[in-house]
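Each of the two complexes below includes subunit A, the first together with subunit B, the second together with subunit C.
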Partner chain A sequence: MGMSTTQVATEESFSRSAGKQLAVYALAAVALLALLMWLLNLLASLTASAAGSSTAVDAANNTITIRLSEEPPQLDTTLLTDSVSGVVIAHVMEGLLRYDQHQRLVPGMAERWEINAEQAVFNLRDALWSDGEPVTAHDFVFAWRTALDPVNASEYAFILYPIRNAEAINRGELPLDALGARAEGDRTLVVDLERPVAFFDKLTAFSTYYPVRQDFYEATGGRYGADADQLLYNGPFTMESWVHGQSLDLRKNPRYWDRERIRLDRINVAYIVSDANAVLNLFKDGKISLASLTAENLAEAMEQRWHINRFMDGSVFFIEFNHRPDRLTRNRNLRKAMLLAQDPNELVYKVIKIPGYLPGESLFPVFLDGVRGKFREEYPAPEHRMDIARARQHLEKARVELGLDEFPPLVMLTGDNPVSNIQSEYFQAVFKKNLGLEIRIDRQIFKQRLDKMTKGQFDMVLAGWGPDYNDALTYGDLFASWNLNNRGRYANPEYDRLVGVAQGSLDAKVRMDAFDAMQRIIYEDAVLIVNYERGQAYVTDPRVKGIVRRAVGAEQDYTYAYIDMDG
Partner chain B sequence: MSETTFSARDFESVHTDEAVQVIARPSLSYWQDAWVRLKDNRRALFSLYLILALLAFTIAGPWVWTVDPQTQDLDQISRAPGPAAQATIVAPYVPWDGSTLAPPGTGLRLAEPATTQAVRLLWEPVEGARGYRVYRNLFPIGEERAFGLPLFDILDPLDTSFEDRLDLKPRNYFYSVVELNPDGEPTGAHQTIEVDVERVTTLEEAAAAGLVPEGAELREGDSVELAFHPLGTDYLGRDMLARLMSGARVSLFIGIFAPILYILFGVVYGATAGFFGRWVDQVLMRFSDFVVALPFLLFMILIRVASGVQPGESGIAPLVIALVLLGWPATARLVRGQILQIREEGYVSASRLLGAKTGYLVLRHMIPNTMGVILVTLTFAVPSAIFTEAFLSFIGMGVAPPEASWGSMCNEGIKTMLTYPHELIFPALFISITVLAFNMLGDGLRDALDARMRGTE
Partner chain C sequence: MGRYALKRLVQGAITVWFIATATFFAMHMVPGDPLASDKAVSEKIRANLEAKYGLDKPLLTQYGIYMGNLARGDFGISFTQENRRVNDIIREHFPVSATLGILAVVFAALGGILWGALTALNRNRMPDIVIMLLVILGISVPSFVFAALGQLTLVNINNLLGFSLLPVAGWGTVAHMLIPSLVLGLGTMAYLTRLMRSSMLEIMNSDFVRTARSKGVPAPRIFTHHQLRNAILPVITVLGPSIAVITTGGFVVEIVFAIPGLGRYFVQAVQQSDYTVIMGTTVFYGAFLVLMVIIVDLVYGLIDPRVRLE
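So, the complex of A and B:
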């Protein structure tokens, strides 16, 4: 017995001393870790300062630093599709016309222009490429032919279709030189139109219409737009360097025709990050001069006393139904039931919670022009009221028409980002609660989602559409039966006829009446469920003034920006 | 020389102490002995109770806390843990065009009492302004003239009303109306009021959410208790406690079911290899080496594709299959080693000499002697399986929404970590506690079941 007590005693003292030892080790480990962190931090700050200035505003060098959410895939204007590339290219290139800080169309490479039902004539100004050669009408003809060449398979070739023979050339039915665009001398560009186009001037501000110089394009051997030195510039800035995946360096272009207007000497795209918290931290540390806000960090932005801005980026988001014959969603009553069972106000005000988002009422967003004023003020959207009782009646009708005992689960295809994750789970619960419908969420990355949309592997898809040009047709023709972006394959002869009217008429009243009829068909036929018009809340460095954000054209425009140290 | 005489007495036993013959301590079987030693290990015992509590939480919890984990309480999104809130009943929302009879007063003011349904503001037209921008702030306007969230731009100087419905919380806000110059840029001129927002609900909503007590006749102006969420709600207003319970079912099911399956298989496999030895052993063990070399994630994705799991369906079945198919070799190796060793022990040879059959040898000697190793492997396999599930749900390959698992809840919670930490902390805490408990229990079991550690007490 005594023996074992001593043993216990030693064990106790052992565990006590072991505990002490453990504590000492733990303390030492923590201290070491702290030291290591501090050293790493020191090293990081050393390399950062070595990498050059990365402060948001550098008044001495007239430089601002910004970030992009991702890297441009490439900057060949004949192939461009995404909005990030659109922002970069609008700073280094310029088309015939462009948008100013008040969203008005102003002269760019074209000094004067004249457009009638058959023809458009542009008189080019005395402008230079960054290598000193003049910008000529030939450069435009070459760019458009390149974009239309079926070999290049440009996704935006369709935007050139108003030019005579463009569509046939793009289909490979006519040779490239059949295009109805020709240079009369170096300074006059004559464009024959396929049909009267009410908005051809607005189209020429789009990047696919930008010029490309033939000799330079051919000298790059297929790498045009892949690197800073593989691109020729005629815009306000030139690209000094492009470190892929890391940074882009834009410098003021001394050969730009309107260089007096440009007040910044350098735009340093030092960061390519998309994570919302990382972006906010960069802004907080004074490393970038503009940061977008998410619903989660609005409170922080207010607490920091930042000046918050918002703008509508013109994108409309909606649930698009699959209208293919083998899908249940082809049934109008089923679609109608879902349309009536949801309330976009609830989605925007309670679930998304970002100021700037507008509850969706129509496919045509509020910024579009109508006959005299704004389209949506002249032609209010069809009134929507959530009505669960009526929704259930439609659902019952649909069930009988489809000959079902109960509805099988429907597949909702969605993207993989925070807002669409929340949105899809919200709708899943709404349709379950109000209609008893089972929804399966199919989350896919952007490319995969697009692929599934094209193949029709969905019942509904959370999709969106941003404007290519400032006319309601950029939204309206989306659901024409021939449009390849009509992923649900909605086909309605009456709708097609209205799109034809809007395309071919020059009379604003006739066109706007057609758009109004379209928004009514979309609601009555429940072609889609409009969710919201997207807005963005963002903060800017108070020392940088004149940053322009807009729906059509480059969504971030620093060509009017300047530094004002007084804040 | 003296004669020694022996009497019969001398040949009696000196003493017979019955006590020596008696087995003083009760005879303990292997399991009883292990249990006794496990009971002495306070950490292990505590872990055991913790695991039992977790099981009770998972299985019995939903009977006690009957809230549906998928119901979205949109009026209480991302609510922190706390007592139930009270709301006043008001009439259903009616759209407002700003044409309310203006209440007396001038300047920026409320058209009617501010509620979580809507805040309706009115002010007087300002001469020379192109329009107005309405802001909302959580803080009073200071020197910085930061007005907070810009809610809307009104581009008509005569339109002097605004209705705010964006994410209204029952708290006080500072609303500002700033004049716009002809370019649409805000000028310095502004009016600000502080607004105290009251939490309200409508009779319809309260009835739909089952908040109206039975037999109660509620009228507008009455107060009603909103749904109670003891651990708060997530980003869609779903009850965290209910979601943690239903998530536990997924996590613990995978954590316990998959390891049991693959350890059973591993034991049979390893025992076969170890007992027969020679070429059987060679073939079986080389095959297990091959399985070890298969990458788990890739294999898991392959099984997912091959088993035809449709998008939007739960990926739990392929996950369990992949875990079972790839998890067994470690156990098989361990058991084989043990069996090889025991096979050569003296008592096995003795048993064999006495005519014991193979089946008897395996069941009587081999398996019981490897039991310790097997149980310990099992307790360590559980946390690793729970982790695997959490990780796969975290990267979006586990459960499908609206189902939840602890891993997927962490995935959602991490996005709002800084603003609503409770959405991350609770599921993370549950994962940590479970993993820790199983690990500590495994530690204790190893000590308790190891025969060589007997007698050290």
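So, the complex of A and C:
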């Protein structure tokens, strides 16, 4: 009897004692964790700057904090191709000319310039590199030769082709010193042109045209632009530090020639993050001054009743047809049928529904300049009305011409992102309903899509195009038969002729007439179906004023930004 | 012991070689062109780019060159960040992933062992039921949900307090690491809790515990030396692979919390067909996983005298 009672008591007391023991271990574990944390903190403070802990707006230090969507892949201006790198480089470097807050072309490194049909002459101002050396005409010549040197395989070398012999040099047919650009003394840059170029001044604002100093470039041993100390600065800001994948610290450049204009002392790029919700959370938490809105986080921003800004980023998106002879889409009537069976207004306003998007009417977006005003006001886009009856007539003609009993499924190649997904599904449904056409969606990630586009493995592809320079030619020459980016291989001698006119003429009226003829051919021939002009919606911290967003050049520009605490 | 370790290392090296070879050929077979870019380039430039990365040579020659470089520890240069060496990418970003990973593993291991022991002691009572429910949740809900939820909760807490208690995202201080590593370790913690619970229950009813108790061994000593120590063994076994899984699988957490870890590069490289980075990160992670398994096997021998490493 006594035995059994002690037994029970022991069982319970054992359990209690074990529980106590466990509690002691738990306490020890917490203490261990705290110690580990403390050690890590010590370690972290030794290695990293606490960049992530500052706030969106720091008025006392005249600093704003922003984020980038990805790590800048390339800050070597001779190789740079992407827009994120473009934003960073536009803050730390400057070309001969640049765009101001009203998108006007203004002097940069060049004080004065003169451009005629054969030659451009730039007189450089007294400007300094961040190490105190003067910026000279030689730096431009060196940069351009480097970009054109076929060994360096620069993807943007083509943008230098208006300079005499540039294309031949880039093909390896002429030596580098044959380039028609030379320094006359340190301050005069003389450029011989291959042909008359109506927009050469605009080209010089592009990053491939930025200067690079030879001795510095060579001293980096192939790592030019790879780190903050591997780059030389001549722009409004310098890069104090660059922690890859994490942060960039931009400080006002005391040697910048126009430093009075710059009102911020520091731009703290504290986050490199693309996740739409994370971006919005950072903004909500007061950590960043600007947050882009996408389909995923738009609803939340509207709920918060923030003031939503928008701007057109200049990109035009379209269905590009494959015009190769082995594809059904070579048939004009088939393309015409699809063109007439859809309505960009429905796509933009009922399907995509992101503020800022504009229904696509023309390959030439609304921001482009015409003769005096805007191109699209002077030359309205061809009128489009969805007409299913006519679309079906075209489809029937196409069927007869192609000798088919019925149409096999057509392949629509598309990227893998939220907008392309709904866009492709919209067209799949519309073409099925209105034309009875079966569309097979081939969804691919970026590089695979590009690869298939280049190899022509599609009937149609959801593609887009953004501007390199502020002239309609940046869009217009895309469908010239010789253009390698014409991945649907559209070829039309009349179109090519018009591109030639736009390339070679200096007369604005003649050029704009040519662009108008191009947009008509594109519609009449159903070369492509324009879907939309992309807009971007974003929110900003009300205390930060003067942020510039633009279609051509750096799409985010903080060189005019300032802090206004009453905001 | 020494001979055993050596044998395992040689086996490990062969495994890594196999991983490298398989990845190399699989990568080249997957559609996608690492040199494809938005702007099409001329034949000449294309040829120069191919020459720069050695893509102009036959695949087997490329393989030979790559293996030669690999033997010397050179992973080559990235396709997407042309001025950066893959070695630098790994050197700069792996420590971040490792810090996050280690912290997550510590969370997971300590939590798993404590919760597991607690549930076993309170079998079929309230704490057991509640914790096991949470465990099911922790195992079945993917980490990106926890990551997003964790971040959202932080924002709301900060907004409520009117100041930043903990940062929402970013990297640099311990405050930045706390929530991400907790989120990252949650799944493993749940798994380890279950493992610990069942192993603890088995031990509690075993003969040697009963013997110890009838011998009159003090309760704390039985709990610590006879029960905990034996119950932990299976947990240690899975800890090695867990470290590798957590460290390599952190990319979701890294993306949501803007952490500059290697996981992001790993995933982006595959999306962008960045051959050298794919190879570099895969081989590196592969070697890391193999090494962790070897270490755990060796540690096993130290903890459990019954395991003789021969």
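Here is the rule we go by: the second predicted complex is superposed on the first by the 506 of 567 C-alpha atoms of A that agree within 3 Å, B and C clash if a C-alpha of one lies under 4 Å from a C-alpha of the other, contacts with A are read in each partner's own complex, and residues count from 1 in each chain.
Operating definition for what follows: a residue touches a chain if its C-beta (ideal position, glycine included) is under 8 Å from a C-beta of that chain, and two chains touch if they have at least 3 such contacts.
Note that the coordinates shown come from a computational prediction; the quantities given were computed from them, not determined experimentally.
After overlaying the two complexes on the shared chain, residue contacts for A:G225 are found with subunit C alone; subunit B is out of touch. With both complexes superposed, C is the one of subunit B and subunit C in contact with more subunit A residues. When the two complexes are overlaid on their common chain A, residue A:L193 makes contact with neither subunit B nor subunit C. When both complexes are overlaid on chain A, the residue A:A517 reaches neither subunit B nor subunit C.
After overlaying the two complexes on the shared chain, residue contacts for A:N277 are found with subunit B and with subunit C alike.
Judged by the touch definition given at the top, the superposed model places A:L40 against subunit C, while subunit B stays out of reach. In the superposed model, A:K350 lies in contact with subunit B only, and not with subunit C. Subunit A uses residues 277 to touch subunit B in one structure and subunit C in the other.
Of all residues in subunit A, those touching subunit C in their complex are 10, 13-15, 17-22, 25-26, 29, 32-33, 36-38, 40-41, 44-45, 48-53, 55, 67, 71, 73-74, 76, 79, 81, 150-158, 170-172, 222-226, 230, 243-246, 270-275, 277-278, 281-282, 284-287, 445-448, 450-452, 454, 483-485, 487.
Subunit C meets subunit A in the complex at residues 31-34, 36-42, 44-46, 48-49, 52, 80-84, 89, 92-93, 99, 103, 106-107, 110, 114, 117-118, 121, 148, 151-152, 154-155, 158-159, 164, 167-178, 213, 219-220, 222-224, 227-228, 255-258, 260-261, 264-265, 271-273. The residues of subunit B lying in touch with subunit A in their complex are 70-72, 74-75, 77, 136-139, 142, 144-151, 165-167, 183-184, 235-236, 310-313, 396, 400-402, 412, 415-416, 418-420. Contact residues of subunit A toward subunit B in the complex are 102, 277, 295-300, 302-303, 305-310, 345-346, 348-351, 353, 355-356, 409, 411-413, 416, 418, 421-422, 424-426, 428-429, 432-433, 439-444, 537.
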